[in-house]
Amino acid sequence: MEERGQVTGLTKGRVEALTDGIFAFAMTLLVTTLDFPNSTTTLPPITVSSLVSLYTPDLLHYVIAFAVLAGFWVTHHIQFHYIQAMDRTALWTNITCLLFVALVPFTTALAGDYPDSPLAAMVFEVNLLIIGLLILLIWNYATVGRRLVEKTLDEKVVILHTRRSLIIPVISVIGILLALAGSTWSTAVYLLSVPFILAIKRYS
Amino acid sequence: MEERGQVTGLTKGRVEALTDGIFAFAMTLLVTTLDFPNSTTTLPPITVSSLVSLYTPDLLHYVIAFAVLAGFWVTHHIQFHYIQAMDRTALWTNITCLLFVALVPFTTALAGDYPDSPLAAMVFEVNLLIIGLLILLIWNYATVGRRLVEKTLDEKVVILHTRRSLIIPVISVIGILLALAGSTWSTAVYLLSVPFILAIKRYS
Amino acid sequence: MEERGQVTGLTKGRVEALTDGIFAFAMTLLVTTLDFPNSTTTLPPITVSSLVSLYTPDLLHYVIAFAVLAGFWVTHHIQFHYIQAMDRTALWTNITCLLFVALVPFTTALAGDYPDSPLAAMVFEVNLLIIGLLILLIWNYATVGRRLVEKTLDEKVVILHTRRSLIIPVISVIGILLALAGSTWSTAVYLLSVPFILAIKRYS
Amino acid sequence: MEERGQVTGLTKGRVEALTDGIFAFAMTLLVTTLDFPNSTTTLPPITVSSLVSLYTPDLLHYVIAFAVLAGFWVTHHIQFHYIQAMDRTALWTNITCLLFVALVPFTTALAGDYPDSPLAAMVFEVNLLIIGLLILLIWNYATVGRRLVEKTLDEKVVILHTRRSLIIPVISVIGILLALAGSTWSTAVYLLSVPFILAIKRYS
């Protein structure tokens, strides 16, 4: 029934649908990390300075998490443009990747609510590192021996997207090292690297 | 691999799928701004007057936010009907727009829970203003020099949809000015402008 | 650009996508009405009797709301099978309907957390009544003069689906009357009517 | 209008869309069982040991629930690959199945927050058992007499997928028996059975 590890009836399109759904929900759920006021309990007074002090770290991590997830989503779609088929290994590696994508709202909440904790920042960075490595793993698995891509796919394309898939993992490792060194704002490394990413993309 | 800034494998359809997902989810998440009762804590007694006093501001902002997001969604789809292709700039402007769409449940909760605060209303109005301006920006970027639309697209269509995209930003600026002047119900300006919008749409 | 109130680029398919999304999310969000335990606060001891007493009303309303929303979703799709086109009026009536669909998790939480309150039950029943009437309204609007359906559509089909669309509104009105009479379990009327609905469907 | 119990306008594709939506959303909502910190209340200090003790049971159940739901989703799609049509019975059995899928975030929260309670683990296992049995029921209903599948479908395919659909129910029954015997970590049975499942799949 199922040859070469392929899963009957599970086309690339269906896996993309689940992936799109989980990415869209995880990105929207990020907003719940902003600690909504709740009028059934006593509300603190609201002033410009209270809003700024209460929500600046939350908002910063919301923007980072949303942008990084969007970047992963773009990468995922570029890869699936080249991938022609799904087998059991690629399917479950992708599901494991989605498990960590769905976890991002939680680690974002941790990092945003403990802005002074290098540990909370590190948990967030390790989460993004794992997603990045799993996306890289799917790409390698699919392209080594042209297992799930066209036999004639140019090696340059393989190398280009391997390099791009390394960007977020490298930034995450830098962030983790900064956090280990005691920095409390190590997650800012994702924002600082934006001009760097744009430059790489232009010349790659 | 990628000519003229196009992103391999990211078709208009895929961007629409992510956009539909985030809009639908953000619109449904709005309901969580209504401060659900929680039976694991002590529940306040429920009467018609307690329901009215507790939920009127929340419900009002729920309706405004749902209707404005629905309007943005309609506008987005009309624009994407004309847009033929995606490039990197349009993609990331769209993702930035979605970042602010996903933020609406939070700013709606703020405005609904602090009905007496012009500041909370202003945060909500600024959020809608930014979404409106980003949608306008995508339209301008796509149509200037017919960059991402058909070369033969009638200038009248461009002007018509530019004007329509200005409606929510203009209302938001009026709301922000009212809030700055100290009005506590500045968000009602979105409801008051409904007959005005219907009139414009009929004669445009 | 837009003839006879039609909205450029907004096909029936796109409206169905938003509708599917909001129905799926609202139905899944219903689970949050079950008052999750939260291990960051003190947890009550867990026993069979505490689970039963704490969650029976919540679960009952979860099942009712899930089943009624599923029924509305089925009805919506049967109607959209016959509807050929969308105009501005049908679009915004549908969006208003979705606004009340997205509200169901909130009114379900109210009814489940105040099982002894006829008022809370009534709010829930009024919510379902409004959704039912709006779905009926779309069907009437689309079929009167065969406005948005095929000109040759059999009048029997129109009448059949009008009758079916009346089932939930009629049950809701009975529930509201029971609640007004002081009954605390008026929402059970939705469950009691299941065999009745099955009988109607068989012989219609 | 509707022959042999078929529902007009409700194609297999539409049912798959609702199913995909509810699965994706339920899997993403699982993250909310991790008890996000909330910066509007007093935050406990964060250390490696507090994170580990607070979140280990939650994370374990998050991983189990995500993986089991992903497995159900894969099974569902394989079945729908063979199923050619939907009738009223299959539709509502599927909706009932989705009702229990949407319930998983709640029972996962129970099991994760009461790691020392065999009762909480049992509620979680019963939930997964019911989903598994309903998926099996749909498969049996569709294939007995080749009711909703191709008349020529090989009996070997029917038996293969019946066996596979029994894996999670069997594991759940083992978990329930362990919980009844007083074991506090009965849910770990899902993890322990992974190598077993892989072996079965290879040789089936």
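For clarity, chains are labelled A, B, C and D in written order, and residue numbers in each chain start from 1.
Throughout what follows, a contact is a pair of C-beta atoms (placed from the backbone, for glycine too) under 8 Å apart; a residue touches a chain by one contact, two chains touch by 3 or more.
No experiment lies behind these values; they were computed from the predicted model shown.
**Q** Where the centre means the average of the CA atoms, what chain is farthest from chain D?
**A** B
**Q** Can you work out the rotation angle that lays chain A over chain D using Cα coordinates, in steps of 5 degrees?
**A** When the C-alpha atoms are superposed, chain A turns by 90 degrees onto chain D.
**Q** For chain C and chain D, let me know how many angstrom lie between their CA-based centres, rounded off.
**A** The separation of the two C-alpha centroids amounts to 25 Å.
**Q** How big is the gap, in whole Å, between where the Cα atoms of chain B centre and where those of chain D centre?
**A** 36
**Q** Would you give the residues of chain D that are in contact with at least 2 other chains, written as numbers and ranges?
**A** 21, 25, 29, 32, 37-38
**Q** In graph terms, with chains as vertices and touches as edges, which category applies: line, ring, star, complete, or other?
**A** If you draw each chain as a dot and join those that touch, you get a single closed ring.
**Q** Which residues of chain B touch chain C once you look at their complex with the stated criterion?
**A** Listed in rising order, the residues are 20-21, 23-25, 27-32, 34, 36-40, 43, 46-48, 51, 62-63, 66-67, 70, 73-74, 77-82, 156-157, 160, 201.
**Q** Under the definition above, what is the set of chain C residues touching chain B in their complex?
**A** 1, 7-10, 14, 17-18, 21-22, 25-26, 29, 32-33, 35, 37-38, 44, 54, 58, 88, 91, 95, 98-99, 102-103, 105-106, 109-110, 112-114, 117, 119-120, 123
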